[in-house]
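We just call them A, B, C and D in the order they show up, numbering each chain from 1.
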Amino acid sequence: MRVSVVGAQGRMGSHVVAAVEAAEDMQLALQVDSSDDLTQVSPENTDVAVDFTVPDVTLDNVLTLIKQGVNVVVGTTGWNDDKLAQVREALAQAPRKDQAVFIAPNFAISAVLADYFAGIAAPYFESAEVIEAHHPNKLDAPSGTAVHTAHTIAQARRQADCAPMPDATVGNEPSRGDVVDGVHVHAVRLRGLNAHEEILLGNPGEQMIIRSDCFDRASFMPGVLLACRKVGEHPGLTVGLDQFLDL
Amino acid sequence: MRVSVVGAQGRMGSHVVAAVEAAEDMQLALQVDSSDDLTQVSPENTDVAVDFTVPDVTLDNVLTLIKQGVNVVVGTTGWNDDKLAQVREALAQAPRKDQAVFIAPNFAISAVLADYFAGIAAPYFESAEVIEAHHPNKLDAPSGTAVHTAHTIAQARRQADCAPMPDATVGNEPSRGDVVDGVHVHAVRLRGLNAHEEILLGNPGEQMIIRSDCFDRASFMPGVLLACRKVGEHPGLTVGLDQFLDL
Amino acid sequence: MRVSVVGAQGRMGSHVVAAVEAAEDMQLALQVDSSDDLTQVSPENTDVAVDFTVPDVTLDNVLTLIKQGVNVVVGTTGWNDDKLAQVREALAQAPRKDQAVFIAPNFAISAVLADYFAGIAAPYFESAEVIEAHHPNKLDAPSGTAVHTAHTIAQARRQADCAPMPDATVGNEPSRGDVVDGVHVHAVRLRGLNAHEEILLGNPGEQMIIRSDCFDRASFMPGVLLACRKVGEHPGLTVGLDQFLDL
Amino acid sequence: MRVSVVGAQGRMGSHVVAAVEAAEDMQLALQVDSSDDLTQVSPENTDVAVDFTVPDVTLDNVLTLIKQGVNVVVGTTGWNDDKLAQVREALAQAPRKDQAVFIAPNFAISAVLADYFAGIAAPYFESAEVIEAHHPNKLDAPSGTAVHTAHTIAQARRQADCAPMPDATVGNEPSRGDVVDGVHVHAVRLRGLNAHEEILLGNPGEQMIIRSDCFDRASFMPGVLLACRKVGEHPGLTVGLDQFLDL
């Protein structure tokens, strides 16, 4: 499998280059950066192109790569419904009928699985809360991943007609954190950490903890490689790494 | 739902009595102990009988209850293939065609889910180890639950053709614990703990932790009540609480 | 050592009775409850009286026991500066010159040590946050213990002239929890838990976690017995179990 | 403070160079590697020299630097009593009377504090076990740090005349791990981890956990900088970072 990397000199891109070079079943094709011509990437040299650039240019990159006839794996953030619609439209008019684009907001397998497991487990417990912890340079709180997990928990509990979670706390105490879709979410900011999420579930006499630790960018590489291997089997647009895991 | 408890004065049985009394959709029918006549329990007074007695008598109890025509939920341990075969045979000749018996080695929902999640996650990680921790009065090590989880992990990895786990440790160091089906299992014995299991999974730059804490016998009650509610929908013999969860 | 228990039928008192009976170096003297005459307790039958009653009566109990000439260990809450002053005054006029009273807000050794360790460690780390977790019937949040630990951390950092903790979070996000004396404090409420505290400390590439888990009231008994053994060596009024540990 | 780095191009040395450059109160003096002349380092250009080289050459480096009249901080491993004696002798004949050498087997403040706290806490608990976890390329198990902590716990318990730890495990089960000075030590090897240690302490109804996580080499830098700042205040040979913390 020949993999080209778009944004190859970026923080994530350089990790992808190294990961592709280390993978026995992959071959590093082209390394493309903002000053390079993206139309070099073509079926002659590339099976899958990986885009880790910036929100401003990623849509144009993907549209160009579709026209070039190669499959695309995208890790750049900033996608919305409108942009996704443009990708779907471009795919409908793509050179190959089975052409595929895959976009994921989070490539860490542990984080994707934690979210999935939280949804399965939540209806079986009376209580559920989410604690996320990140490096102190992070601007937003709580993390998008924690917000997603809170919605996953809430939706699973609604579908199962769960009773409201017990909480005798008097007043709206700030220590109880944010409440996202009925689920308490706490955000820790600590020097030395990177990106971590813990889901706590409780029943009488019993606790379940599901935890994901992403210590550095290397944590995204198994998910990126997995996406490169699987994207060809899923023509059209796919969003979310959970779609490529056998869940 | 009318629930009778066999072994009602035992350590687990007394918890079941309390849990049934507290459940809004249940009614405590008979409390039976070793000096009582088990044939009091019948469809006139009981929908489900729960047996928490001792390995020596539980088979006879179950066979009697089948003849009496009531469904049975069993938490007593010590079952083997021969005993299970006798239960199946008795069910084939039971008064009611849809009669049901349910037997579980572990009623803690967190432990059952942890084992299930470990099986799903294991193929996606390079490394997996199990740490179980119990009170220091426990005679055996590692726990049956940890051994079961090690097999679950090993089987999932075999089916996915995973590479062997990395481990450069020189020699057979005792600190590396037991190796069950290729999975390292560690057992901690600590005053104050009850029954705990932690599954650690690792990839480059990434860790996933799945943890179950059973602080006391109350932790088994949600599983027992769930089994009472579900057993009637599963005629015949069912083994393992995972069968009654929507997994 | 002869120990009498005041409030012997209460939730904590009954645990103290059992713990004293199980201690090889102790003898259970009198069990006193609200309907009993407290002046039965005297040096003829008692070396130490333990009071686990209610805030409304504990001051009167202690003043009476001082007059009776016995040492006192108090676990009842609700003390303030005025009440403590009355105890000191009574001790000054006590029958014995070396008479001793010990009052502790928390008898869990792990909680007392966690607070002490947090104070030592805090100046060596850039970041520190506190997460406490309790059963969902608790009315207040955060716990008094977590508030105390936040102050311990803040004071230690002030004395060491530490720089402010790094935190780039934009705005006053509720997920960041309460801020007690400059330290972020998070409160989890989860069915199945009892009383837990975790202190997280972070430096570049490094994290330290100090954690106390009190699973049930038994967790207070080692501290109560320790206090009974030590109170006689500390004439006058002593407040806080840390005073009796060799720290 | 002018700091020279010996072994500046090595894995640790290059981190020290970066850390010194980033420290406001420090100035990077010389960067010396194996092909460079170590006698360039002198009081004219250097207040403290930091040696992160290899066991074979570190003793010679330190002896040379003592003769040169500069203070030395050493992070290279492989020291024994004989080598330490040679350092002491050289210091006795050093150009400056107040000359100082500091050697530490572990510069991670969290690991040093964890060991120290374990020694304080151990006598107050019935049970204590150590779990260390490292990357799977590590050759030895258990880690030197975990062995040190086991000895710290054992010695503290001996001094306090503690009863043996409770453990009903029948037979010498491998899952119970290694037994170092009477303390059970478990070693986990997991891809994605770096160097982690957890000390578990248990009493009836209560657990205490002290944990150190070193995610990468950056975790040693606060300890190295601390040693550079403190070494001048401690003439002679000092071993162990705990000597420079206000414990």
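Criterion: a residue touches a chain if its C-beta (ideal position, glycine included) is under 8 Å from a C-beta of that chain, and two chains touch if they have at least 3 such contacts.
Treat the numbers as computed from the prediction; the structure is a model and nothing was measured.
Peer 1: If you tally contacting C-beta pairs, which pair wins, B-D or B-C?
Peer 2: When B-C is set beside B-D, the one with more contacts is B-D.
Peer 1: Which integer distance in Å separates the CA centroid of chain B from that of chain C?
Peer 2: 38
Peer 1: Report the inter-chain centroid distance for chain B and chain D in whole angstrom, where each centroid is the mean of the CA atoms.
Peer 2: Taking the average C-alpha coordinate of chain B and of chain D, the gap between them is 45 Å.
Peer 1: Specify, in ascending order, the residues of chain C that touch 2 or more different other chains.
Peer 2: 125, 192, 201, 203-207, 213, 215-216, 219
Peer 1: What graph shape do the protein chains here make by touch: line, ring, star, complete or other?
Peer 2: Graph shape here is complete: every pair of chains touches.
Peer 1: Would you pull the chain D residues touching chain A in the complex into a rising list?
Peer 2: 192, 194, 213, 215-216, 219
Peer 1: Flag every residue of chain C that touches chain D in the complex, lowest number first.
Peer 2: For this pair, the touching residues of chain C are 108-110, 113-114, 117, 120-121, 124-125, 201, 203-222, 245, 247.
Peer 1: For a test of understanding, state which residues of chain D touch chain B in their complex under the given definition.
Peer 2: So the residues of chain D in touch with chain B come to 125-127, 129, 131-133, 136-142, 146, 165-170, 173-179, 184-193, 200-207.
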